[in-house]
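There are two complexes below, and they share subunit A, which is joined by subunit B in the first and by subunit C in the second.
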Partner chain A sequence: MERVPVLKIGDILLVSIQIDMEDQVALQLQEDLADRIVATGCHGVVIDISALDIVDSFVGRTLATIAAISKVLDADTVVVGMRPAVAITLVELGLSLPGIRTALNVELGMELLARERADYDDEEEDADGEDGAETPAVFTS
Partner chain B sequence: MTLSADEAARFAALVDEHQEALVTAWTERVASTLRGRLSHAELQRQNGELRRGFQQALAGSAQDLAAEPAAELRAQLAELSSTRARQGFSATETAVSIFAFKDAVLNAFDGVNVRDYVAFSSFVDEAALFTFDSYVRVREELIADQAEQLLELSTPVVKLWEGVVAVPLVGTLDSARAQVVMERLLQTLVDTGSPYAIIDITGVPAVDTQVAQHILKTVVAARLMGADCIISGIRPQIAQTIVALGIEFGDIATKSSLADALRYVLAKAGQNKQSKQSKRREP
Partner chain C sequence: MSEQGQRIEVVTDQDVVRVRQLVRTLAVAVKLSLVDQTKIVTAASELARNTLVYGGGGWVEATSVDNGRRKGIRIVFADQGPGIADLDLAFTDGYTTGGGLGLGLSGARRLVDEFDIVTAVGEGTTITVTKWCR
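Moving on, here comes the complex of A and B:
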């Protein structure tokens, strides 16, 4: 059976789907990705579907499931490179892929993830700062 | 009533014999209906050619217009009606030019047999109907061409800023146009990698539920691809219609002018950039 490769780039896992997404391939990808997120401790997943001509409801749901699984493992998921024809078909079918975030290409997708991570870090730091202000004695001692 | 072979031959001879008088009388009649929009010399030339066409068809004993010897006549008639259609003459004016041939023939020949004349007359009627058909066909082709050109012309996608494209919609938005707009906008988003698109509806005369549906579909498709859409150019009248019809734009940003939309997009893009830079500076 064909497998979709999962590549690690810095803090991000890149999945570029270049083959037809049969149901079995989609399920295998879901498993592989969960394993890799845990193994590498990455905080972002970029799924490139620019080579996909067809995105049916099953693939759409699998993508949503992958996004949900990644979220549980503390990784954000972005689906990038959807073709116009695919988008139009999905809209005509009334599938709006809820729970999936998208970007136009891999570059913009990685920017989006970096931004999200930065916002998240800011919030954490703010939270730390507040803690520090409340209990300065702990820090000085 | 169709023309018999010897009737056709007799008329061919007559038309040949009286050609000068016939063409002059015919031209005068046609000129009076066209009221000087074609020069006399031009008409004279056209009618002379048509007369020759009729004469050849009759001499070849064509019993009706579909017959083989009338092929050249048919070509001439088609040519005549297509030029008239393009010059803006009405269908009646074009057909009357052929009908006038009957009058000219009746005046030019004394003592024509009534049966012969009726048969000949029906032949000319057929020719006139043929011009009518060709006229309509040419006009329909013109309309189809123009509709296609309009479709091409009226849906440009322009780049407003780095990462911002805009579609100024002009004219009524029907399904066919909406489809073209959607495809072109999405393709441009991919080609330019622009994460923001502005749909400007200043030039759309009316927004009903169907038009709103088309716009919403475009926005949702763009979102699926990872781009954000803003709708701008909503006139007061349109805003009232939208609310009256109960159309929900949901969380899609709407602005009254293109300038507002651009400012909004640049502010959003600026925010993103800042947070990225602050992230880079911090460590």
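Moving on, here comes the complex of A and C:
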């Protein structure tokens, strides 16, 4: 069985699907990605589907599951490079891929992840700051 | 008029990939538009997977057709599995008995020009779809 490679680029895992995946290969990718997120501590996953000439409901569901699993493991997923004909077909099939973020290409996907991570880190800092400020008001004793 | 069809026995996941490849090749040969190629390959992928998963395997036959006015592609998906007891239910978006998304049958019907289904409980299911060039 073929396997889809997962590459680490900085803080991001990049998956470029270059083959017509049989269902087992898609499921294996789901597992491999979860393992790699945990092993690397990466906070972002970019899945490039520009080489796919179709996305059916099985692959669509796999993408949605990967996004959900990543989220639980504190990583964001962006699907990039969907061909226009694939988008048209997906919508007619009835699959709107809710919960999946998309970008036009790998570069824009990476930018999106970097931006979100920066926002998220800011929020964390703010939250820490507030906690710090409120500490004196917390009842102790 | 139609040419000799090409048949693929559907027994494994890999055969579903072969079905996609065959349908893609034929769709290009009859010069379907890119969007229509994408639609018919997607529909074929859904229906071939159903043949495998729910029908317990079967065969798919794809043929290029010509009605004198237009060219197109016709695909038959056949299995001798359990059949479908309630067709209305099976064609409801989101209905699945196998943990899928329940979009294969209903979605495939939307993606093709002609869709015909013959099914009998205990005997199997045969689906025939056609996509015509515009």
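Here is the rule we go by: the second predicted complex is superposed on the first by the 134 of 141 C-alpha atoms of A that agree within 3 Å, B and C clash if a C-alpha of one lies under 4 Å from a C-alpha of the other, contacts with A are read in each partner's own complex, and residues count from 1 in each chain.
We take it that a residue touches a chain if its C-beta (ideal position, glycine included) is under 8 Å from a C-beta of that chain, and two chains touch if they have at least 3 such contacts.
All values reported here derive from a predicted model rather than from experimental measurement.
J.: Touch test for A:Ala114: subunit B only (first), subunit C only (second), both, or neither?
T.: The answer is first: A:Ala114 touches subunit B but not subunit C.
J.: Does subunit B (first) or subunit C (second) touch A:Ile88, or do both, or does neither?
T.: So A:Ile88 meets both subunit B and subunit C here.
J.: In the superposed arrangement, which partner chain does A:Asn105 touch: subunit B (first), subunit C (second), both, or neither?
T.: After superposition on chain A, A:Asn105 lies in contact with subunit B alone.
J.: Of the two partner chains, subunit B (first) and subunit C (second), which one does A:Ser96 touch, if any: first, second, both, or neither?
T.: The answer is first: A:Ser96 touches subunit B but not subunit C.
J.: Looking at the overlay, does A:Arg61 come into contact with subunit B only (first), subunit C only (second), both, or neither?
T.: A:Arg61 contacts subunit C only, not subunit B.
J.: Where on subunit A do the contacts with subunit B and the contacts with subunit C coincide?
T.: Looking at subunit A, the two contact sets intersect at 83, 88, 92.
J.: Looking at the complex, which residues from subunit C come into contact with subunit A?
T.: Its residues touching subunit A are 12-14, 16-17, 20-21, 24, 34-35, 37-39, 41-42, 45-46, 49, 93, 100-101, 103-104, 106-108, 110-111.
J.: Can you list the subunit A residues touching subunit C in their complex?
T.: Those in contact with subunit C are residues 20-24, 53-58, 60-61, 83, 85-86, 88-89, 92-95.
J.: Quick one: which bits of subunit B touch subunit A in the complex? Just the residue numbers, please.
T.: Within the complex, subunit B contacts subunit A at residues 182-183, 186-187, 189-190, 193-195, 217, 220-227, 272, 275-276, 278-279, 282.
J.: In their complex, what parts of subunit A are in touch with subunit B?
T.: That would be residues 78-80, 82-84, 87-88, 90-92, 96-97, 101-105, 107-109, 111, 114-115, 117-119, 121-122 of subunit A.
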